[in-house]
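Residue numbering begins at 1 within each chain, and the chains themselves are lettered A, B, C and D in the order written.
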């Protein structure tokens, strides 16, 4: 059994980590921290865990000795103050916050709007999308867990971007359930405002734009220009990214399909399917990817559960790789379907 | 044309008042106040009014002279500081806040949790449910507009309570769309928390409990004991109140139906129907009421749009009565249906 | 008063026509037909009309003499069997079905999958989008009311297409509420299947594709290639069309904005706004259009209520023009906002 | 490993059984039958199972030899034609259809509206609610799996009914997600009809009424009269049953709480909690039960996932008991929480 902890155990990604880790067969979930809930039983706050854990929230991760790995599930800007001490103490880290995703510190500071205080570790961080960077993750001490939109979009785009079949600019029209925005109430997430609507926001300015460009570019070996428009839809869990490419001469539905089949044929969590469905993946770490060719355009769809494959499930998948466990351990449950 | 104003023009009831009043054929909407939006165009904040009004938010109602009537759409506890000056200046008032609904100041202070600072006018306020107290409203200077849950429940219960066919205790299981809770974000109204759930709250302690007891009691001429359980459902607009009575010997489906037919047969906004439907009334000032007799129990349903018949539409209906206009003026639009 | 009838009064567009027409100040709604409900009171079927009409469904429009105009709200393929007799009898017609939208009968037969049996009247039909073809509609005997997706997309795209600022291929990622699919239950519209998901369908094969290409092409004076991906979202009413253009050199946010301001500045129902919002227009005949420029791409948003501006409201707007009434008569109600 | 099959593998309960059983550690899922999908791969139809099973739908359960247990997930009225041959062949059966729940054949025929053709096995069937009838289930050859509403209501009511603290009539106001109605599209389940509403139906005539009366009566040892009003709410999964009792003299919040604590203190799947939450149990086999005392009324809440604890999860729990496995095997996953 490996011994792990979570910094920031009350937010949605911390909550989802606790849901997965408390039944992971190879893990002892030894610590969940929470500033406001320190001393309370975890199952009093996360009532879905009644019967699963007697753990009590602690205020600081340092109260728990001998951790093999720590998940940092704090807001962006906070994580980079937590990570250095952990890594320097020899504890492996998966950061879910966004602070270690953009390798170029200038790009980080431009899109996140504040200075990066831990440039040293940023250089060593590995981008935690296993289907693209599996070997690097397995050898990493610090993994930057991808963003939720970014995961759906990159999985949809990467095979086509690498194939050379399409032009190097892509339009990503993405739709997300509301849990992606976190647990802090806000006017946009207020049910009367969003419950019977679809709301575009951060058009052209969302932080996942440079993340998608960087990750697809690293994988494909050449640059890609992303136009990214996120939109909130009135569901709790799930993202659908609809990605539009212009095909080059000679490319057609068959060559496009071959690129995806070749890439994802052996993947345990990514499936190339006929029709993308959020319901097929909600509650699970699976992603469904589909394509269609319409005239000289290719449309690539990526569907995930934003809290699992888009956050905490993928973080556990990274942990499994980093600690030498079976990559699918603790994640072998299918989506709800209905 | 009568000249009216709204104190508190940015909240949901103020917003809905502006939507109705800006096309009311006999009304000049002369003032909408807002502390934070003072000086901004109303149609910039309420974008659904683009093309309907050039009005600009003012900070204080006193900036607009010669008002015939003012709607007070501020939070409870605030309204009772606004109302006295208006009434004393000879301006008629419809208060939507709850501060003038409970005639017994002791009951008010028990359920609202603070002192009432305007007991004098409280004594003169008329409870603004036209179908039960039409004549009193027509002669009133100050009307206390009913609560949203209370409107749905009272309309469903009143005929049976007055008929003498049922015991004098009733169970009211009420379900409300989320707009009833107002526009201030909160954890309970956060979409990820409520968007795919049904949430009971304030069980036995909701302020509409004594309001329903008082209004039905005044109308029926004898006391009624209310057990009231409100529950949030994931729709934006609409309330369904399901009310359970124990029938006395001799009462049956026919005598129950007669009580409702007799009461609502001539009403323009309340209809006694076969099956209650929120969709039939959403967007309108109509209420649908239905009944069923199951064994020795009677079930009475009341369905309304909480922002219209449950708040701003009913307030306009009261205004029409108070100012001698046609009771249905400005309210003659049907529900959405679909 | 003009005297009008509706063929197909029970479906969603027929239902919505009845909702609008029964309170239209210049219209006598004289007939609603329904095969299965012939002889029943309209307000028994459309219970939201209780108190608004004593009309009884008839089986055939021919039972009602002296009609000035008839709305045909039957399914596609059926309408073209109803229209000829009406037009030949000198009755003006607004057809909501799609049968008269595509001027090229070959394109119709390719996309609709069956022969067109009324090619003669097809040649005379006018495409009923008033903001683009107002004068033609005013002089028409037969108007083809636009599709719901098409309305949202064309209003968003037309100014930019005509401006010459963008390339002539556009990607339209459209999201629709479920009422756009009509009232016949189907697996895709079954609540458990679509209520917590977003479902792409008819990718590249939706009938509104050639309609958008035709209408924008007629208006802009040159061809436009449309890639159209419709997606169902779990709301009842509302469409958001997100349209992506590649800008030509020299075009920027200002020149784009000028194109929209110039086009829609004087329109009563189309408003060029900062942020598109379905809630601002739901329940009304208004459309909100917004734009953003991201790098060398322009994003144009169109938001409407699919049953009003996307169907029955627009049909009434066309009727007003065809009969010489005020274009906004009966349609002067704002969106719900909340 | 035990070897099990499912008759009726494409409906929602069959689908959910496949989701649970394909990862059950002690089970070989050997057969799923489907008339229309015979010969197709299961993961093509249930796409959420991609990566989990290579099983192919068969047309008849008899094609698979040596089954230890069969789940019958066909519609009511069909199951009683399937069960006899299985039981007579020595195969244990869990029937999810309702055909074997009501011990009194006269009551069955009255509420289900057709003759019961297998009265012999009906006499031997055990009602499969483990928390009330665990020992009987462990010894049964044929288990009648409880209805979804019934499970939520009985778990909420049973402790209080048995305690003697309340009168013997109870009002059950129940709200269900739409998946409880099954996968066949219908007007009531059509998204535009139910997606933004709450719809009461089968008031006083729902088949779970006698089922609740029977089960609580058997458990409590005396009769109980149930007034049951089911209502559809616009969520996919989840039931909340709100149950109202009149307390006898001497009963209070403490004695009520003691009844529940004593009953459910040691249960793995039923938890007595402060506040009932559908989100805490959705996706899991857990039930949350809560109570409140308001005046002389007690309110008992029961929250479950209708497809898991309300159907397929409970069926697996019964299977575990019938085959001598750990009762929680394959069901040890918490609810989604968010």
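Just so it is clear, a contact is a pair of C-beta atoms (placed from the backbone, for glycine too) under 8 Å apart; a residue touches a chain by one contact, two chains touch by 3 or more.
All values derive from a computational prediction rather than experimental measurement.
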What's the fewest number of moves from chain B to chain C, given that each move must go to a chain touching the current one?
1
Taking each chain's centre as the mean of its CA atoms, which one is most distant from chain B?
A
Rounded to a whole Å, what is the gap between the Cα centroids of chain A and chain C?
40
I'd like to verify one number: the distance from the centre of chain A to the centre of chain D, where each centre is the average of its C-alpha atoms, in whole angstrom.
35
Centre to centre, by mean C-alpha position, how many angstrom separate chain C and chain D?
45
Contacts with 2+ other chains: residues of chain A:
12, 179, 183, 192, 196, 234-236, 275, 277, 279, 338
Spell out the part of chain A that touches chain D in their complex, as residue ranges.
12, 15-16, 19, 22-23, 46-52, 179, 183, 196, 236-237, 268-269, 271, 273, 275, 277, 279-281, 283-284, 286, 288, 307, 332-338
Per the touch rule, the chain B residues reaching chain D in their complex are 171, 173, 175, 192-193, 196-200, 203-204, 225, 227, 229, 231, 233-236, 238, 240, 242, 244, 275-279, 282, 292-295, 297, 299, 301, 338
Contact footprint of chain A on chain B as seen in their complex:
12, 177-179, 181, 183, 185-187, 189-192, 194-196, 234-236
